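Listed below are the structures to be examined.
Presented sequentially are two complexes of chain A, the first with chain B as partner and the second with chain C.
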Partner chain A sequence: MTTVVDVFIAFCVLSGSLLVLVSALAMFRAKDALSRINVFSPATGLGMPLVVLGCYAYTLQQEGFSVYRLLIAIIAFFSLIIVSSIASNTLSRSTLLSGSPVHRYTRPNRLAYAQGEDPREDGAAGGRGFGDAQGETQGDAQDDDDPTAS
Partner chain B sequence: MVNPLRLIGYFLWIGKEIVSGTVDIVVALITPRGYSSPMIVQLPLRCTTDLEIAMFASSITITPGTLVAAIAASDGAEDPPTLFVHALFSDSEEEAMDGLYDMEARLLTAMRGKPPRPAVEVFGSGAS
Partner chain C sequence: MTVVFWFAILIFAVAIAVGLVRVASAKDLGSRAIIGDLVYFAAIGILTLIAMLTNVSIMLDVIFLSSLLGILATIALSRILTRGHR
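Right, the complex of A and B next:
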């Protein structure tokens, strides 16, 4: 029985920490700020709760049941998930408002269209960012037929 | 009318979605062109109250691979509240919108006790 519990604890803690590592590596490979925020959610949404679960099972095995510890574990588990989603929302919103460019392969980019940045729905410049990103991405748009671009 | 059993079922379903989205991100990490087809889709909502919109936005963001980038409030009778969702692993805009509308239908079924009208009916065929 203790072996099963040990394997369970090891699985939770190791897979949780591996997920944090995977998210960190994925952030290196993602192309723009929004994608980096996006690929980070496995760490906070699944990795950290798994570590909390493993730690709670460990203290349960070592020190026995306690309502206080159970309460802490449950609050930590759900707080991590809720805070992760709200923090990601806030981060992505501030990223966009700061004018950070989105990757040029972001297609379709309905947000640029809704802000009046690009009147065409999803033409060649569909991946154009906001504000000062315009000059930066013009050289990269492959078949840009916009007369002002060249 | 909130249906507690359905709400618990919805949270379990969100847990399943978190796991499958995590698998997507891990798979994309080891494929050569993993994260190179992001898109931002415009999603008019059937949610009406602030609680429904906040819960839906949080559910989208907590699912790995989708992220709420901006929220446009409803400005009267015609324009519904609208989310702009950054999606990483969808093949097409239709596929991304179908997945998000499926999640919205599950949430509204749990929150209201009855399923909402289909998105195609509410927003016309252009919406989905």
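Right, the complex of A and C next:
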């Protein structure tokens, strides 16, 4: 039984830390700030709650059951999900408001195009070029770090 | 179990290093803000794992408080990005 709990703790902790590492690596793949905020959500939405779960299982194994620790673990589990979602929402909103460029391959890009005006969604048949609906927030992000990716 | 915890600490440390490299190479401020958030959460993970390694009884309290207060840095950075404009 204790082996099963050990394997469970190891699985939770290792997969949580691997998710954080994968999110850190995905920061290189994403082209603009909005995509980076988007790819960060697996770290806080799944990785850190897994670490909390492993930590609670370890506490349960070492020190026994306690209502206080169960309550704290549940609050930490859900607050990680909810709080990080709100923080990501606020940060992406302010990133867009501050005029950060959105890469042209970020799809669906309804923040930069009005509905039905996205030239990639309706096949660019309406003669709308890329330069039409470009506001302040639309433009090619600088491919400073990844010039080979298309 | 100790090996597993040290390995997870190593993975978190690699994540922090990768994030710091990305901060140095990123141009726009939103990316830097979100990578700062990533470094914060990875540091929480390292702290929790160290607490589990040394059998400190406050390991859940650490992650509880930091998960509740983790929004503050991000909100402050987003206010800085928009120059105080909501």
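Just so we're on the same page, the second predicted complex is superposed on the first by the 107 of 150 C-alpha atoms of A that agree within 3 Å, B and C clash if a C-alpha of one lies under 4 Å from a C-alpha of the other, contacts with A are read in each partner's own complex, and residues count from 1 in each chain.
Heads up, the rule we're going with is that a contact is a pair of C-beta atoms (placed from the backbone, for glycine too) under 8 Å apart; a residue touches a chain by one contact, two chains touch by 3 or more.
Quick caveat, the model's predicted, so the values are computed rather than measured.
Greater residue coverage of chain A by touch, when chain B is weighed against chain C, goes to C. When both complexes are overlaid on chain A, the residue A:Q62 reaches chain C alone and has no touch with chain B.
Legend: residue contacts after superposition of the two complexes on their common chain; A:L53 is shown touching neither chain B nor chain C.
By the touch criterion stated above, A:I86 is placed in contact with chain B and with chain C alike.
With both structures placed on the common chain, the touch criterion links A:K31 to chain B but leaves chain C unconnected. In the superposition on chain A, contact of A:S23 is made with both chain B and chain C. Residues 23, 25, 32, 34, 37, 84, 86, 88, 92-93 of chain A contact both chain B in one complex and chain C in the other.
By the touch criterion given at the top, residues 19, 22-23, 25-26, 29-32, 34-35, 37-39, 41-42, 45-46, 81-82, 84-86, 88-89, 92-93, 96, 102-103, 105-114 of chain A touch chain B in their complex.
For chain A in complex with chain C, the residues that touch the partner chain are 6, 9-10, 13-14, 16-18, 20-21, 23-25, 27-28, 32-34, 36-37, 40, 43-44, 47-48, 51-52, 55-56, 58-59, 62-63, 69, 72-73, 75-76, 79-80, 83-84, 86-88, 90-95, 97-98, 100-101, 141-142, 144-145.
Those residues of chain B that touch chain A in the shared complex are 18-19, 21-22, 25-26, 28-29, 34-42, 57-59, 61-70, 72, 84, 86, 88, 93.
Note for the complex: chain C touches chain A at residues 1, 4-5, 7-9, 11-12, 14-16, 18-19, 22, 25-31, 33-35, 37-38, 41-42, 44-45, 48-49, 52, 55, 57, 59-61, 63-64, 67-68, 70-71, 74-75, 77-79, 81-83, 85.
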